[in-house]
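You will see subunit A twice below: alongside subunit B first, and alongside subunit C after that.
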Partner chain A sequence: MNVIKITVAALLMASLASAASFNTQAEKDRKALIAYMEKKFSDPAKNKGSFFPYSTNEELSKRFTKGIKRDAFRLGSYAYDKGGKSQYDEVMEMPPFEDNIDAGKALYEKKFANGKTFKSCFPDPAIAGEYPKFDDKKGTVVTLTLAINECLKANGEKPWKMKKGKMADLEAYFASASTEAGKKVHIVIQSEAAAQAYEAGKKAYYSQRGYLKLSCATCHVQGTGKRVRNEYMSPLLGHTTHFPVYRLKWQGLGTLERRIEGCNKDEGEKPHKPGSPWMSNVLYFMAYMSNEMPVDGPAIRK
Partner chain B sequence: MKTYTLTSIILSVGLGLSSLSAATLADAANIDVAKVCDVKANGIEGVLKTAAEYNALAKKLGVEFKRKGVTTSQYITDTEAAVKAKAKEVTLKYTKKGKVKKHTFATTYAAWRACHFAVRAVQQVNEAETTWRLAVPGDGFKF
Partner chain C sequence: MRIKAKSKGGKTTVKALLKHPMMSFVQAKKAGKPANFITHITAKVGDMQVLDASTSQNLSKNPYLKFAFKGDAKGKEIEITWVDLSGKTKTGKAKIK
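Up next, the complex of A and B:
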């Protein structure tokens, strides 16, 4: 009897261990990224030698915020750049994306030709932090953008463009509903295949690419706190918490896919298509890095 | 037995042919880009052929270059057209913010560039195999 009990307990523990182990590496990566960013920005002026050799003392001591903790990094460069943050706060007093949220809500409730609505696919709109997911049946990553298009297709509607317009509006509504509900980023790696997609995304993120031979990490991990064309670069940590984003440069909203296309161009490579395996895997990896952070969208960026 | 030999002959001939016409990641590691893309040494057609082979692989790997609005593919096709027309210069058109813009280069330079972009894109994939982890916090990147 005792033997049986022990065996059952051992089996149970083994299965629990393997369920947890699919994200073991991802958890290590996430914690190390948090540790890196928190250490780097614990005291930028004091860390000049180790983290900011090319910055001036003046910049580090006067312009930068100290002691930044994980959740604050969702503000991007405004987490540490005091000047950028005060401009951000000003624009956020009258956010230019309110109409987009309303338009998104209307799209959410609008009937398809078959009489159903998006509710049939997404009963709860507060799901911005749940995506991307790995679909074990399909063996691929499903981003929120792809899930929305799948819903449209399943209901006999035409899929939408993935960078702006209706897609960005509906995602703005989902983001705002998630923010209001106090949701956090919650990305799951539940299987070996999911872990492989995560690893593929991570490798793509850290691989140097394009004419300029830059990786995403050159600018958004090691490069955070440095400037490119007079813009401070934001951290990978928190990159997916607040999309879609209203960019002053765009004079409108754009999805994560749209933003990343711009960064691909900056690297001198042919941009990856929204919905491509490359894009989906990279987004899966990026979103995992923001796990447990509050959803905080839509947001505004220069 | 006979069939077996025949199949293996067909197989090896097939493989031999494909290694002539299709670039591989392994080939890319060992070539000197300055040499294979040298227009004087290889002729402009030869350089464009190398460009086309490596760019096909770069596209398959999802690493094609795009520099200032122009992809490697466009460099190749526009330069090929210029060679056919015996033109000394290539004009590469692209659109930026809805406006048509252009770059003009000597045909030989455009061919060199097409080849350089195509080969380097593939070589970088090889290089990244050993370098990417060096940038991952908690892995190869210590802080």
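Up next, the complex of A and C:
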């Protein structure tokens, strides 16, 4: 009898432990990434041998900001690139996306054909930091873009295009509302299936693809702070905190999905479709890496 | 038009974002549309003119304008007006903080 009791207790303990630990691996990865980035940019000039073998001493000591902490990485490459930061600050004095936020707010309050609004799906607009979520019923990752389209479909409306236009405007409103409310990125891995989606995203992020044989990590983990022509590459840490983004290259706003498609093209790969499992899993992984960082969207990037 | 104006230490700085397609002649030829860009921008505080600029097609789409003038103008209203090639004109107003 005692033996049975002990085994039952052990089983219970095991199931409890696993229930709380679906994100153990993810948490480990996140902490390792933060440690890596903080160490790399603690003093770029000193770290020349280990991290920046191709940069000159002058560049490392004059053009880089020292001792960057986790939350500052939400600025992307402007966290450490002094020149880029000064340009960024100047554009942010009069950001070109303010009209888009107003347009997004109007879309949020506009009535559907059935009389309801987006409020029926998203009662609180400050939700930019909570997506992507893993939906246990469907068994897939739901990004903010997909959630908006689901809401439209549920209300008998046509889904929107996922890369720009109305979608980006509405997300810009959500992002600015989250920023104003001081929200932080809060991604949850609540089940075994969610942990698997995270692992799939991580695998995709670190696998080499395309004819250039690059992985996302080549540039955005190992490559952060190195230059491609005259632009510094941005860190994975904090990549998803500020989307949608106004890109000077686009002359307009674009969603995360649009940006990842651009990355795919740069790798010499046929872009993955927005809304595909590949795209959603990668975004789930990327967003988890930025967990606990403040949301500060929308922003401007080159 | 979005205007932000601020007075500090005897100097007033004005930032404005004008909304205009700024279609240059080359772009217009490609797009098959008539060329249209802002040709003249003026700014006034009360009766005093603080900016008078003749502009051309070299400015970007939705151009950003930043200028400063001497004098404290806190609480007054600044008025920026542009005229484009088609003769259309638009005026934006904002209070100086």
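Observations
Please note the rule applied: the second predicted complex is superposed on the first by the 286 of 302 C-alpha atoms of A that agree within 3 Å, B and C clash if a C-alpha of one lies under 4 Å from a C-alpha of the other, contacts with A are read in each partner's own complex, and residues count from 1 in each chain.
In the analysis below, a residue touches a chain if its C-beta (ideal position, glycine included) is under 8 Å from a C-beta of that chain, and two chains touch if they have at least 3 such contacts.
Treat the numbers as computed from the prediction; the structure is a model and nothing was measured.
Aligning the shared subunit A places subunit B and subunit C next to each other free of steric conflict. Within the superposed three-chain model, A:G268 lies in touch with subunit B and out of touch with subunit C [touch as defined at top].
Residue contacts after overlaying the shared chain place A:K213 against subunit B, while subunit C stays out of touching range.
Using C-alpha centres, the superposed arrangement gives subunit A a vertex angle toward subunit B and subunit C of 110 degrees, stated as a multiple of 10.
In the superposition on chain A, A:Q190 contacts neither subunit B nor subunit C. In the superposition on chain A, A:S21 makes contact with neither subunit B nor subunit C. Taking the two complexes aligned on chain A, the least Cα distance separating subunit B from subunit C is 11 Å.
Subunit A residues in contact with subunit B (one complex) as well as with subunit C (other complex) do not exist.
Interface residues of subunit B facing subunit A in the complex, by the touch rule stated above, are 62-67, 71-72, 117, 121, 124-125, 127-128, 131-133, 135-139, 141, 143. Taken together, the subunit A residues at the contact with subunit B in this complex read 28-29, 31-33, 35-36, 39-40, 50-51, 202-203, 206-211, 213, 215, 217-218, 221-222, 265, 268-272, 276, 278.
Interface of subunit A with subunit C (complex): residues 93-94, 96, 98-99, 251. Those residues of subunit C whose C-beta lies close enough to touch subunit A in the complex are 2, 4, 15-17, 19, 61-62, 64, 66.
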